[in-house]
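The following blocks contain the structures, represented as C-alpha cells.
Next come two complexes built around chain A: one with chain B, the other with chain C.
Take a look at the complex of A and B:
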C-alpha cells in the first residue's frame, strides 16, 4: 500500500521536537478556548491564524489542528460539567454526561468521554489513511438529493429511536425547523421570520439557543428542585481515571457502531453533529442498556463522543480533497491554507504530499497527546463541581450570559438566550425532548436547502430521491429507521405484551 | 467615566496642536477587520491576505483582528458599521454587496452609513462546465444545449439574487436562452456540483474552480471581461488563463462583470484617518503577499481610491439597480 509509505514519510515530517512542542501548545490553547462557551473552536483558530503567517505551512496546520482537537475536548468538558455544549456536535454528550456528573461521578464521565473520543478520532484518522484516494471521488457523487438523504437519515433515526412519545419528538423537531428558517433564505434571497429585527437577519445562532435551552433551562430546574447539586458528594480519587479507562473496552459494540456511523457521516457531508446525534439515537435502540439512556448511562456518553470525533477527523478529508469544509473550524483552517498559498482540491494530495501526509501523521500524534493532556485535567475539572451549588449556580449564570454576549457582541443575544432558557424550562416541565429541537435547528436549514436544490434540479419531481442506487439506499434506510418502532411494536404485539414497561414513556428523555 | 476622560484628553490635545494633527493620524490600538463573509469564503480570504500583507511588512504595527459577520449574506457587517459611526478602528471588507444588498432587501443601513476607502482588486467571472459529464466543450455547445431544452440546463452559483444569479440573467438576456439557476451556499460548493455532474454549469471566480480544472472535472468556457486575462502560465490541458476566450468573442455579449474587493469604514470617518488608510492600502496592494494572492486568483489588478472609487460605486450601483429592476428583484418601497 502506497499510502503507508507516504504516511511514514509524513511521520518523518511531523515527528520533530519542534512540532511536538507546537502540538502540546495547540492542545492546551484549544482546551482553554473550548471550555469558554461563546469563544469556541472556530473563533480560537481564527484568532490564532495571524500567528501562523510567518510559520511554514506544515507547522502552521499542526498548530491549528492541535488546537482544534483541544477545543473539541474542551467542548465536551462543559457539556458534562455545566450542561452547556460548546459545539453543536457535543450536544448529545450532555444527555448522559451531565446526569452522571450530577450523581457525583464527574471524573468518570469526563474520562469516559475523553477516552472514547480519542478512540473515535484515531479510527477516523485510520480511515483517512486507508481511503484517502477513494474518498474524493466518492464525495463527488453527492449531489443535492444525496445531501438531503443523509440529513433525512439523521432526522429519521431520531424520531424512530426516541424513548418518549413520538408526537412530542415531532413537535419539538418542527419548532426547531421553524427556528432554523430565521434569517436570509439561501434559495430565494429573502429575509424570513426576522420581524424587521436587524439582529435576526443572520439567523439565530446555535450557541445562543443551547446556552439558553441547556445551560439556563437546567439551572432554573435545579433551583426549583431545591438547590441540590450532588456533585458535592463526589470523592476525588485519581484512581477513578485509570479504572474508567480500563472500563471503556467493555463497550466495544457501542464503540464500533459509533465509529462506523462517525466515519460515514464525516466522509459524506453529514458532519460531526449529525453523527453524534445519530449514534446516540441508535445506541439507545440497539444497546442492551438502551432504556437507561438519559439517566447517566456510560454508553450514552461513549456513543456520541466516539462518533463526534471520528466524524470530526474524517471531515478533514473532504476539506483537503474538495475544498468543502465539514465544520466551522475546518472552514477557518481552509482559509489558512489559502493564505499560506495552498489550494485545497483534488490535486493537493499529489502536488503537496509532504503537507498532506505530514498533517495526517500529526493527527495521530495530536490526538494521543490531546487525550493524555485532557485526562490530566480531569481532577481539576471534577474539583469545580465539588463547590456548593450556591457557588456553581451563579458561576454558570455568569458564564452563560458572557457566552451569549460574546457570540456577536449584541445585548439582544443575551435576552434571546434568557428567552430560550424559559423555553428550555417549559420543555422539561412538560416532558418535551430538547434534542430534536437542537438537531432540527442545526441541520434544518441545510436539509431545507438541499431539498429545494434537489427539487429545482429535478423540476419538482420527487423521483430524484430514488434516482440512483446511492440515494435510494440512503432514503430506504432512513424510511426503515423511521418505521422501526412501528414494525417492532407490531411484531411484539403479535407475540403478546410481554414487556409493557419498556413502551411506557420514560421520565427524562434528554 | 474613562470615556469622558479620554474625550477631554483628546480635546486638550486637539487645542494644543490644532493644525499639525491632520495627516499625522496613526492607529495606536488594535484595528478590527470585519469580513462580510464566513471563514474560508472569498471576502474572508481577502481580509486575511490584507492582514498578512500589512503585518508581515510592518506597514501596520498595531495588532489586526479579523472577525466574520456573515449573517444576512454579509448585511450583518454593514449594519454593524452603522452602529460604529466615525470609528477609525473598525474596517469592513466586502464586495459590491455593500451597495447591492440594500437594493433587494429592506435593510436598516444604506450607503450613507459607510465611508468608501478602496477597491483593491477585481475578481473576474468565468463560465464553467464539466466537459465529461455534459459533453459541452465550448460556448457554442453551451448555447446549443440550452436552446435544445429551454429551462432544463441547470446553472449553479453562490446565493440568490447576487452577483452569480445576476450574471446568469445577463447570459439569458444576451443569448435568448432559458436557464434554471440553483443557488448554493458558496461558489466552491457549486463548482463541486458541476464537477460531480449533478448540474451542468456554474459561474464563479477563477480561484474557486481552478483546482477542479487541474483535475480535469471542470473546464472554463469563457471569461466575462472585455479583454482576455493576462496570465499566460499554463494551468491545465495546455491552456493558460489567457487562452480562455472572452464571452464576447465566444458569443455571449455580456460586458465586463468583475467583482470588486472593497474596504469600507463607517460614516463620518475623520479625514486624517481616511488619508492614512488610503495610503496604507495603496502600499498593501503592492506588497508581495498581495501580489501572489492576485496571481493565484487570476485577478485583475486595479486599485481604486478616493473620488475614482466613489465614481465607480455610483456607476456600479446604477448598473445593478437597472438589472434588478428588469428582473423584478428591487425591493418594494414602503
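Take a look at the complex of A and C:
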C-alpha cells in the first residue's frame, strides 16, 4: 500500500485554501469553455497556459486539470439542453440526454449525467492511484500495431452494434475517414485530397464538422419542426436532484461496465470520445432496456457519461507515467509540464513525488467540486431554455459561427461549417447515423498513422497485428465485434427480418 | 412541390457516390499501391472512396427495392414525404440570413455580421420592436467582444470598418 501513503502526502499538498480556490476558478472557467461549442477543452487549456508560467507547477497543473474537468462537465450540459455537444466526447450524451430533456425532464437528465460522470471520474482517479506504477511497465510494450488494434476495436464495436441500415452507417463512417485524410499526410508529407486548394492544406478540423453537423444541422431541423424547442421546461427542484441521485445506484451494472470501458480506453489511447461511443453501443446491446435507447432512456445517459469521464481522467495516466498523451488536452498539458521544467515519464514519479501525488489528490477534490458547481449552475441553463426559440436559435447560430471561426481563425472554416450544416440536416432526416462520421474524423488519421507505422516496422507484413498475445487478443475482439450482427442474426434464425425498424439513435428527430 | 423520401434517398446516395469518386480520383494522384514498406499515401483514401461508392450503391438498390415493394402492396409508392413547399420555405427563410451573415462577416468582420443578423432575426423573424431588437443586437456584440477579445484573448475578424475606428 505504498501508493496509499503517498496519496495521503498528496492530499496534504492539494488541500490548502489557495489550491481549493484555484480548483473552483478552474472548474468555472472550464464550464464556460465546455458550454461554448467550438471552444473546447484543448482550446481552453492552451489559452490558459500562458497565464500559468508565473505560478508554481503544482498550482498551475491543478488549475489546468480543474479546467479540464469543468470543460468535460460543461460539454454534457449543452448536449442535454441544446443537443449541441460542447465536446466531441459528449456527442453520445445527446442521443438520450436531449430526448429526456425534451420530455420535460431536463433537471433529471442533467443530474443523471453529472452524477454518473462524477462516479466515472472518481473511478478513473482511483485507477490512476492504484495502477500508476504498474501501468508504466505494461504500456511500454505498446507499439504502432497495438495502437492500431485499439482503434480498430473502437470502429468495429460501432459497426457491429449500430442499428439501422448498414449501408448508411458504412457511408457515414467512410465519409468521416475521407474528411480526416484531407491535408498533409503526416507520414509521407504529401498533400492529399486538397485538389490544389490552399485552404485545405491544413486539413478539415473535426470541430468544424461537429459544429456544422450537430449545431447548424439540428437548428435547421428544429426550425422545420415548428419550434418544438419552446416546449422544454425545466423546473429545477432540489427534490428532483435528490431523487435522481438516489436513482443512480439502480444502474450499477451500466456504471461498472461503462467505467471499465472508460478506464481501458483512457489508458490505451482510445480516448474519451471512443470510450463514450463504445459504452453507449454496448449499453444498448446488453441493457435490458436497450430497445428504449435513443428515446430518453436514463441508462443511455449514464453509459456514455460514466465512460467519458473515467476515460478523461485515465487519459492523464499515460501522460504522467510515460509521456504519451492520451488525449488532445493531455498533449497541451504535457507541453505545459515541459515549460515548467518537469519531464513527464516514469522518472517523474521518483523525482517529483509531491507534484505527481499532489496532482492525483487534486483530481479527487476537483471532480467533487465540479459536480457541485455544475449542479449549482443548472438553474442558469434551465432558465435559458425558457426563452422562445426564435430568440435562442439565432443566438446559437452566432455561437456556432464564432466557434467555427475560432477553431483556426479562418472564414473558410465557417463556410465549411455551413456546408456541414446542410449535410447534417439531410443526413438526419434520411436516418444516416452521424456518430460514426465524427468518430472516424477524430480517430481516422491516428488509426491510419499507426497502421502505416506498424507496416514500416514490419516491412509491409500484416502479420504484425497477430505477432504477440496482446495485439492478437485486441484484433480478435475487434473482428468478433465486426461479425456480431451476422452472428446474432444466425442465432435468431427464422424470426424474420426487422427491416430497419431498429432505428439508429439519430433517427429520433426524423 | 413535394419531395418524396425515396427520391431524396436516391439523390443523397448519388451525391455521396460522387464524393466517393472524387476521393478515389484524388487518391490516385498520391499513388495507392501497396509499396515495399506498406501502403502508399493514397492507399487508404482510395479504398475509403471505393467503400463510399459501394455503400451508396447499396442504399440506392435498397431504396429501389423498397419502393417497388411498396408500390405493389400499398398502391402508392411514395407515401413518405421528405419535404413539402411550406417547410422548405421555413428552412430557406432561416438559412439564407445565416449565409448572408457569413458573407457580410467575411467582408466587414464578425462583429458587424453578427450584429446585423441578430437585429434582423429579432426584428423580422421574431417580430420584436425596432428599439428592443437594436438594443439586443448591441448587447450580443458587446458581450461577445468582452468574452473573446478581453477574457479569452481570441481576436475575431474585425474588418475594415472597425479598423477604421482603431479597433484591432
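We take it that the second predicted complex is superposed on the first by the 484 of 510 C-alpha atoms of A that agree within 3 Å, B and C clash if a C-alpha of one lies under 4 Å from a C-alpha of the other, contacts with A are read in each partner's own complex, and residues count from 1 in each chain.
We adopt the following convention: a contact is a pair of C-beta atoms (placed from the backbone, for glycine too) under 8 Å apart; a residue touches a chain by one contact, two chains touch by 3 or more.
Keep in mind that this is a model prediction, so the values were computed, not measured.
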Touched partner set for A:334, first chain B, second chain C, both or neither: first
First, second, both or neither for A:456, with chain B first and chain C second: both
Contacts of A:408 with chain B and chain C, given as first, second, both or neither: first
Partner chain in contact with A:203 - chain B first, chain C second, else both or neither: first
First, second, both or neither for A:448, with chain B first and chain C second: second
Partner chain in contact with A:54 - chain B first, chain C second, else both or neither: first
Partner chain in contact with A:193 - chain B first, chain C second, else both or neither: second
Which of chain B and chain C A:181 touches, first, second, both or neither: second
Residues of chain A contacting chain B in one complex and chain C in the other: 47, 185, 187-188, 190, 456, 459
In the complex with chain C, residue positions of chain A that touch it: 39, 44, 47, 165-168, 170-171, 174-175, 177-178, 181, 185, 187-188, 190, 192-195, 216, 219-220, 223-224, 226, 388, 390-391, 393-395, 397-398, 401-402, 405-406, 409, 411, 414-415, 418, 421-422, 425-427, 429-430, 432, 448, 451-452, 454-456, 458-460
For the chain A and chain B complex, residues of the former touching the latter: 42, 46-47, 49-50, 53-54, 139-144, 183-191, 196, 198, 201-203, 322-325, 328, 331-332, 334-335, 338-339, 341, 343-348, 408, 449, 453, 456-457, 459
Chain A contact footprint on chain B (complex, rising order): 38-41, 44-45, 48-49, 51-52, 55-56, 63-73, 75-76, 79, 104-108, 151-152, 154, 159-162, 165, 180, 182-185, 188-189, 192-193, 195-196, 198-199, 207, 210-212, 214-215, 217, 292, 296
In the complex with chain A, residue positions of chain C that touch it: 5, 8-9, 12-13, 16, 19-20, 23, 26-27, 30, 34-42, 44-45, 48-49, 51-52, 54-56, 58-59, 62, 82-83, 87, 90-91, 94-95, 98-99, 101-102, 105-106, 110, 113-114, 117-118, 121-122, 125-126, 140, 144, 148, 152-157
